[in-house]
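Each of the two complexes below includes chain A, the first together with chain B, the second together with chain C.
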Partner chain A sequence: MQKGFTYLLAALILLPFSLLLLLSLAEGWSFPSILPDAWTAEHWSRLFQLDGDLGQSLLLSIGISLFVATVATISGFLTSRFIAYSPFRERYLIMAYCPFVLSPVVYAACIHFFFIKMGLSGHIGGVLIGQLIIAYPFAVIICHGHWNERIRSMEQLVATLGGSRREAFQKVILPLSKGILLVCFFQCYLISWFEYGLTTLIGVGKVQTMTLKVFQYINEADIYLAALSSWLLFLPPAILLWFNKRFVFREVNVS
Partner chain B sequence: MYKALGIRWFLLLTVLPLAAGLIYALLYSLGLAGILGNGFTLAYWQSVFAEGVVWRSLGYSAYIATASMSLACLLALGLVIKLRTAFQKGILSYVIYFPLAIPAMVAAFISFQLLGKAGLFSRLTYALGLTESLQSFPDLVNDFWGIGIIFSHSLMAFPFLLLLFLGTYEGERLGELKQIAKTLGAGEGYISRKIVAPILLKQNFAAILLYFIFVLGSYEIPLLLGREAPQMISVLTIRKLQRYDLLDKPEAYIIALIYCVLVLTAMVISLRRSKILQKN
Partner chain C sequence: MIHCERLNKRFGSEQVLEEVSFSLAERETLSVLGRSGSGKTTLLKILAGLESADEGEILLKGQRINEQSPQERGIVYLYQEALLFPHLNVFENLAFGLRLRRTPSPEVKRAVEEMLARLGLSEQASKMPYQLSGGQKQRVSFGRALIINPKVLLLDEPFGALDVETRSSMQAFLKEVSLEYQITAIFVTHDLKEALLMGDRIGYMRAGKLDIYDSKEAFVQDPRTEAQSEIEFWKRYQS
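Up next, the complex of A and B:
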């Protein structure tokens, strides 16, 4: 009984993904057919045409997300150390939570004027900075819990044994921090990868990331390409999550 | 030196944009900045309060967030209590991670393809003879009660909460607590209602509240699955900001300001009450 329910639940969880896959392979799907009227691989072939707009959007999204995640993780990791050991730690943490809890699109609406003044509106640089403004405080929030008494004691031990601060950082802290750095990078990558509202407002629709492509196809009522773009949005984080699932969630729970 | 640089970088990326944005929005709403900046006026604020659209939108957003989180919490709690072991090994321990990789935009698209008049559920009910045509299927998207929006948010929140609850179940050793309660004569239902559910909810209160705030300000899902009225707060703000009528712009900034003040106040209060800010 329970086994049957387990498989039913698994099927229900997988239903949205199956539906998207069917849609991306469908040529037509008129009501009231349960399955598509005809099948085609034409939509998927667009994926391999990297000179096409879909391929370009995919590469652009990957590039933006990698840049945002890398900068946010490195700077968030380093600055979170100063914040964690600061006497104003609580104040700084509240400041870090502020941009994180606000709706990114409302936040973007408030700061868009400054992006226009700096000539960054409608440019990839503006989108990168805009997403960094959201992802960086999140990186600080994730990493600050890592700087505990144990890490501090190890730093002090290295100093007592004659090691420099650089050596302590390179040979003790970095190896100990691999887990949190990986989790932080993954989460920041997701923030950037999933971002729509801020990107469309700061980028004025000119920086066509994958989320903008999905919206464009939905607006054009091209549900087959919207389904394909949705799969492309879903696949990279799903693969990353698959390989790191237990590790990622354990670290998130700890932090 | 490095510390000062680090803190400056933090303030530059975190505090400066937020403060600048809020000050600009305030000045714009008071007629002191922007194209309509002809001198101090409270007319835009009076207009927003007289219209009352902002309160309706906030109320609607709160309703959507409450309904979505309640549904997701109930589902996650029920599954953790009844099927916990199934999520620790076997097929469910793998597939439960997949919905975490769904962006809001895709969740909205999926909901539309499932719940729309020509969606999968409509086709299934037609095949089973429960509906006679496309029109006889009820409005589940772009509807007044926001069923499609609530469905999408619950779809996104429930796996996250379930994994969070599973982690807490192990961390708080609820299995052992349950065993003790059973030894003392408590029944399964009583243990679930009086021990397991309250502990799981209390331990994850901050995470649930943060998710609630996230749903409150959500944009993509209500943009695709919502109606012209009532609108969720983010959609209302952006629609007013992007209208051709310039007089709508100060109102958009006022709505954004009211939303920001409410959310930030709620966040500060909940953070101070939770364990999040406590030092390790």
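Up next, the complex of A and C:
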């Protein structure tokens, strides 16, 4: 009974993605046909064309998200440690929440002027910085809860056992923080990957990430390419979630 | 071995240590009693180099160590909790200090196996910390400190989290290894019986001031330590 319910739930979750996959492989699909009238790999072949914009957008999105997630996770982790042990931690933490008072698109509108002045508007660099302004404080907030008296005591114990701060970090803190680092990386990757409003404003449409592509194809009423780009939008986070899930669960079992 | 002269420490407006002076000879254990917040932990942390004193001097084997980092002092500070590294098994927890010193692997293996046998934990070498009992964790914690042969061992209520039975066996065990490894130690506790059992000498800390007694008898006779009232209680209880 429970197994049947699980399968039903899984089928309901996977159904929209299956439909998107079918649509991306369809040449025509008219109502009331249950399956497409004809099949084609033409839409998918656009992905592998050297001058194809779809493949470039996919690579660009992966590159931007990996960069933002990596930088935000490393800097957020280190900053959160500093904040957790600072006598002014509450003040710093309030500052970390500030970017989330406004929605990202309103926030982008507020700071766009400075990006134009610095010549960053319409450039990948501008989009990277814009997304980092959101992802970095988010990483700080996620990692902040990780630091506690127990971890601090372990750091001190390593020091009295003769280890340097670097050794304490490498041999104790990092292995203990693997789980939170993976979760933080994944969350920051998702923030960057699905970011639309801020990327549109700062990138002024010139930085064509996958999210922008989906909206572009929907606006053009090209349902087949919209389905393909939606499928591509879903795939990398799904793969990352799969690996993330495995590693995080393994961490939990070990600790 | 270790000599402290007029140590003072303030946290804001609160005077945590006031003119603390004492000497500890080699292979001697000093028990320090005192209520919570009397400054015991701060004193140990200053000796270990984890906190700095506002005033005063600490001499270790005649050498001033105030400016030395915790890594350079050779003084190990053990907490109430065993604080075993959860990602390392028992063997690697014991080997931790030796690996920091880049000790060759065969020597690490020999020393750890010897320590495991001494701790009675040879069968548990490959176990992870979460698979050990409270007493076993504390044994590993002592072993991890002893294996690097520290100049001074600072124990901050190490048995505070253990049940009465385990606590009693751990007291006997620590007394035994202290003699065997000729440890110089400061043992902080707020258990009167434990202080008398573990220490060669006893000190009592009140509001940041440390009184060291010439003998255990002098400690028991001092009404401020409340040792007499505890003895009276047990006498009354027996009769």
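Throughout what follows, the second predicted complex is superposed on the first by the 233 of 255 C-alpha atoms of A that agree within 3 Å, B and C clash if a C-alpha of one lies under 4 Å from a C-alpha of the other, contacts with A are read in each partner's own complex, and residues count from 1 in each chain.
We adopt the following convention: a contact is a pair of C-beta atoms (placed from the backbone, for glycine too) under 8 Å apart; a residue touches a chain by one contact, two chains touch by 3 or more.
Note that the structure is predicted; figures quoted are calculated from it, not measured.
Participant: Tell me which touches more residues of chain A here: chain C or chain B.
Facilitator: B
Participant: Kindly classify A:Ile191 by the partners it touches after superposition: chain B alone (first), chain C alone (second), both, or neither?
Facilitator: In the superposition, A:Ile191 contacts neither chain B nor chain C.
Participant: Output check: A:Trp242 vs chain B and chain C. Expected answer is one of first, second, both, neither. What do you get?
Facilitator: In the superposition, A:Trp242 touches chain B alone.
Participant: Does the superposition put A:Leu181 against chain B (first), chain C (second), both, or neither?
Facilitator: In the superposition, A:Leu181 touches no partner, neither chain B nor chain C.
Participant: Per the contact definition in the header, classify A:Val172: touching chain B only (first), chain C only (second), both, or neither.
Facilitator: Touch partner of A:Val172: chain C, not chain B.
Participant: Is A:Gln156 touching the first partner chain B, the second partner chain C, both, or neither of them?
Facilitator: second
Participant: Which residues of chain A touch chain B once you look at their complex with the stated criterion?
Facilitator: Against chain B, chain A makes touches at 2, 5-7, 9-10, 13-17, 19-20, 23, 31-34, 75, 78-79, 81-83, 86, 89-90, 92-99, 101-107, 109-111, 113-114, 132-133, 136-137, 140, 145, 148-149, 190, 193-194, 196-197, 201, 211, 214-215, 218, 223, 226-227, 230, 233-234, 237-238, 241-242, 245, 249-250, 253.
Participant: Which residues, counting only chain A, touch chain C once they are in their complex?
Facilitator: Result: residues 150, 153-154, 156-164, 167, 171-172, 175-176, 254-255 of chain A touch chain C.
Participant: Per the contact definition, I'd like the list of chain C residues that touch chain A in the complex.
Facilitator: Listed in rising order, the residues are 48-50, 69-71, 73-79, 81, 83, 85-87, 96-97, 100-101, 128, 130, 144-145, 148.
Participant: If we count contacts the way the header does, which residues on chain B are in touch with chain A in the complex?
Facilitator: Per the stated touch rule, the residues are 2-3, 6-7, 9-11, 13-15, 17-18, 20-22, 24-25, 34, 79, 83, 86, 90-92, 94-106, 109-110, 112-114, 118, 120, 122-124, 126-127, 134, 155, 159, 163-164, 167-168, 171, 210, 213-214, 216-220, 224, 233-234, 237-238, 241, 252-253, 256, 259-260, 263-264, 267-268, 271, 276-277, 279-280.
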